[in-house]
Amino acid sequence: MRNTLKTREDRRKMVLTVVFAVICIIYVLPILIVLINSFKSNAAVNTETFALPNEDTFMGLQNYIKGMTFGSYPFIKAVFYSLFITIVSSALILLCTSMAAWYVARVGSLFSKIVYYLCVFSMVVPFQMVMFTLSRTANKLHLDTPWTIPVVYLGFGAGLAVFMFAGFVKSIPLEIEEAAAIDGCGPLRTFFLVVLPMMKPTFISVGVLEIMWVWNDFLLPFLVLDINDYRTIPIVVQYLKGSYGQVDMGATMALILLSIIPVIIFYLCCQKHIIKGVAAGAVKG
Amino acid sequence: MKKFLALILALVMALSLVACGGNSGAQGEGDGDAATGSVYYLNFKPEAEEAWQALAKTYTDQTGVPVKVVTAASGEYETMLVSEMDKDGAPTLFQCNEGGVATWGDFCYDLSDSAVYNELASKDYALKNADGEVISIAYCLETYGIIVNKALLEQAGHSLNEITDFDSLKAVADDIHARAGELGFDAFTSAGLDGSSSWRFSGHLANMPLFYEFRDDGVSSKPATIKGTYLDNYKKVWDLYITDSATTGAALLTATGDQAEAEFGEGKAVFYQNGTWEYSNLTEKFGMNPDDLTMIPIYCGVEGEEKAGLCTGTENYWSVNKNAKEEDIKATLDFLYWVVTSEEGTSMMAEQFGACPFNSSKAPSNPFSALANEYVANGCYPVTWAFNYTPAVNDWRAAVVDALSKYTAGDGSWDDVKTAFVEGWATQYANENA
Amino acid sequence: MKQIKRKRDAAALNSRLIRRPIQRMVWLFLLPTFAAFCIGFLYPFLQGVFLSFCKFKVISQWDWVWFGNYIKAFSDSSFLHAFWFTALFAFVSVLFINTLAFAVAYALTQGIKGSNLFRTVFFMPNLIGGIVLGYIWSMIFDGILVKYNTSVVLNSKFGFWGLIILICWQQVGYMMIIYIAGLQAVPEDMLEAARIDGATRWQTLWKVTIPNMMSSFTICIFLTLTNGFKLFDQNLALTAGRPFLQQADGSVIKTTEMLALNIYNSFYSSSGNNRGTAQAKAVLFFVLVAAIGLIQLRSTRKKEVQQ
């Protein structure tokens, strides 16, 4: 009796595994199709989207070579700007907002309350509400380069980050910080030596959210950056598709694939943190 | 110790914020040298970007006046101009044709006393506003029609002389299409409606009904409404394009401009609607024999069209930004004069744009440009670029392309195309002048 | 004096030991973020609200027109269409994403082999940007549909379901992670108790598991709902609003255009005459998104309390 129950359970699990394996294959198919098409000639991408490359249509790495130099904007530059903007913006957001959140959570002045509620408020404001005026303001203040756009990201992304950090700080007992203060630690040392280490899980979840946001963001850099000199990957992809006369589908596929690869590598490396971060962020949120 | 730490940290943060700002500030302002002025050209034509950059460098080397050339991605010019004009250091030189006058007329400097205006071979190539100010001048003349691969045409047993109007064009095309399998090539290249190709039809082909209507009605400025008298002729040509070609139906929706170009370049089609600017691509990229190439007018079944010439005109006009600094305006005018008179400038213009309307312009090597003159010399009437009047051009074209797409895939009726064409015109005109 | 004391109490976590020294360093802790916040949010936001009452082409030249822009926005049939389309889309996407994500999460917490691998795969599409996703799927849909002589931009039904498929593919993995965390947090002893009481698997799921993870549902529904309303990149890349519905008066309704794209299009349309209206639309959009977020959050939180 017990035995049959167990085998039935096992069989159920086996079936589930098989079902999920199939679903997973279907799930990655879109990416595989991009991969296949990135080796095909231009015309074949449109006419035989799902066919494997054959003798006539196989292009080898030519699409990739073309893709890297395609159009007037070298792709490698876009990769660099995307990486730079993502890393610097996320780092800046993490550092500044965690400090701000600690201040907000520990100092109950009117100012800090106003800041806190403004942050919460900013979380529900869609980007379209500020897109026009923000791009103008950013330009006036010369924040329209990759070196300075992190400030814009910090400003627009501060809300969620401050909210999440402050929520966490409020949940940690005050006594630890008080003890540090009694031991003669100033606010700086208290923050960096005591509070920050405790914040690590929130740090990771906020970091993951910010990185994913900034890396994939299209409209903000598109409107804020000086598009002639600086383009991020999503902008390059959008330009590839939307240009007169010259749309090389093969090269576009190659670029799309190249733009996915760093993300997948990042994901596979920090998978555990990402998944934990998302889950933690959600439960807190 | 802790004070020290705090100081360092604050410094780093302040620096990273301020230094960034200061840094880029210096960059931004570095462009405008107060003493001599500078030029910022927002270029419309991506294919000419390299040539412009090189020319700008030559000019800077010779005169020391900085010239910045920025090129908008195709189809993005308007968006880009909107955002650039709103910035500090806005373009001093930009593109403004009939379509743009409503939006940009207020930004245009009066060119009537400028040297570059006096260089114009015919003052017809300048646009004036209601006050008679010269707001922009055309800088190149382009020609389009149906490019024909003569070698293939002969291989199919036909000759150019047979084609004199729409019916004869259709007869030849139908015959080639019917024997496409045996010949190994088709009549027309695919009439792709992807964004990279659709402008050939929503812009250039749409010029035919517009041109004939405006000619009948004597329209000489942007009309608020149109009647669509010749839309049936537009339909005739479009039906021909989408029938006598290898790609038909919904597959045309994703067909790109590259695809059509490659079909023609690789000898898989005899006819290809495009213009002078394709010449170098076809002869260089695809290595076609220049002797095999010629261009014929777009025939669409209008009375007397045996006498039609090629479509010659331009949508490329220079305007100078009125709101720019005085010295920048002067620098820009000097630059323009140099471009249309100097050896380097005129060579580049002739090479890139073919025929140009200035006194000292060089004769273009591009045979398509010469063909246009030949037609006129033979007593044909030139077909002007009536589509330059199109109001809110991107929106109008998007609607026409969408309606064409549905019609082409068999999902919609021709009536929608008509509505998009005629009523859409009135709507966009009203939008633009709201 | 009393009042000051009450104020201090209100800031429940204020400790004198900590507060004063931090407060002295406000310029270091708070001001950088606040300054950036003003540049990146506050000032543009206020200016945006102001401009929604103006007619303007470039920011420096405006004319105050009171509620003219709002009246125009409400009489713009394409905006109203975009609203209903977006609402329908958001509703359907919330339904699909959450059902699928929960089902997957539930199955993957049953201890089947390869759970980790599956989880990895399902989460992956999340990391790809909306623009790229849109182009990938538009290629796939067109590749299939062209065999039936049609295209995703020809029929608004295809556009709608195309967007739903795309958004599910992208977001199911993310929500699944949150649901898995919720499922794992359900107290083991309660499940044990249910089992001992002879509850079926189905009963346990409905009576024990789901009520115990209401907060996961709150957050997921909240996220999917606002994501649905704010969708832009995918919309732009997949259909860009096509097919259009040709109105008899010559205007067009872009049948698959969602609110965010509608606002964007009115801002950057070729004539540039609708900027004020576009800004008014943006304000309305903001009010809508904020209201939905708050109502949704409140109603689900209430349910949580009741449990």
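Order of writing sets the labels: A, B and C. Residues in every chain begin at 1.
Heads up, the rule we're going with is that a residue touches a chain if its C-beta (ideal position, glycine included) is under 8 Å from a C-beta of that chain, and two chains touch if they have at least 3 such contacts.
These numbers come from a predicted model, not from an experiment.
> Using the contact definition from the top, classify how the chains connect: line, ring, star, complete or other.
Contact pattern: complete, every chain touching every other.
> Can you check which chain pair, B-C or A-C, has more C-beta pairs in contact?
A-C
> Round to the nearest whole Å and give the separation of the Cα centres of chain B and chain C.
For chain B versus chain C, the centre distance works out to 40 Å.
> Between chain A and chain C, what is the gap in Å from one C-alpha centre to the other?
16
> If a residue has to touch 2 or more other chains to count, which residues of chain A qualify?
Residues 46, 96, 136, 141, 143, 151, 186, 188, 241 of chain A touch two or more partner chains.
> In chain C, which residues are in touch with two or more of the other chains?
In chain C, the residues touching two or more other chains are 25, 28, 32, 36, 59, 142.
> Spell out, as numbers or ranges, the residues of chain B touching 2 or more other chains.
Residues 6, 9, 13, 17, 86, 251, 254 of chain B each touch two or more of the other chains.
> For a test of understanding, state which residues of chain B touch chain C in their complex under the given definition.
Against chain C, the touching part of chain B is residues 6, 9-10, 13-14, 17, 78-79, 82, 85-86, 102-103, 249-251, 253-254, 391-395, 398-399, 402-403, 405-406, 409-411, 416, 419-420, 422-428, 431-434.
> What part of chain C is in contact with chain B in the complex they form?
Residues of chain C touching chain B: 25, 27-28, 32, 35-36, 57-60, 142, 145-146, 148-151, 153-155, 242-244, 246-252, 268-274.
> Provide the residue numbers of chain A that touch chain C in the complex, in ascending order.
It is residues 13-14, 16-17, 20-21, 23-24, 27-28, 30-31, 33-34, 37, 45-46, 49-50, 96-97, 99-100, 102-109, 111-112, 115, 118-119, 122, 124-134, 136-138, 141, 143, 151-159, 162, 170, 174, 177-178, 181-182, 186-188, 190-191, 212, 215-219, 233-234, 237-238, 241, 252, 256, 259-260, 263-264, 266-268, 271, 274-275, 278-280, 282-283, 285 of chain A that touch chain C.
> Can you list the chain C residues touching chain A in their complex?
Per the touch definition, chain C meets chain A at residues 7-8, 10-15, 17-19, 21-26, 28-30, 32-34, 36-45, 47-48, 51, 59, 107-108, 110-114, 117-132, 135-137, 139-140, 142-143, 169, 174, 177-178, 180-182, 185, 215-216, 219-220, 223, 226, 229-230, 232-233, 236-237, 259-260, 263-264, 267, 275, 278-279, 282-283, 285-286, 289-290, 293-294.
> Name, in rising order, each residue of chain A that touches chain B in their complex.
Per the touch definition, chain A meets chain B at residues 42-43, 46-47, 72, 92, 96, 135-136, 139-145, 147-148, 150-151, 185-186, 188-189, 223, 227-228, 239, 241-249.
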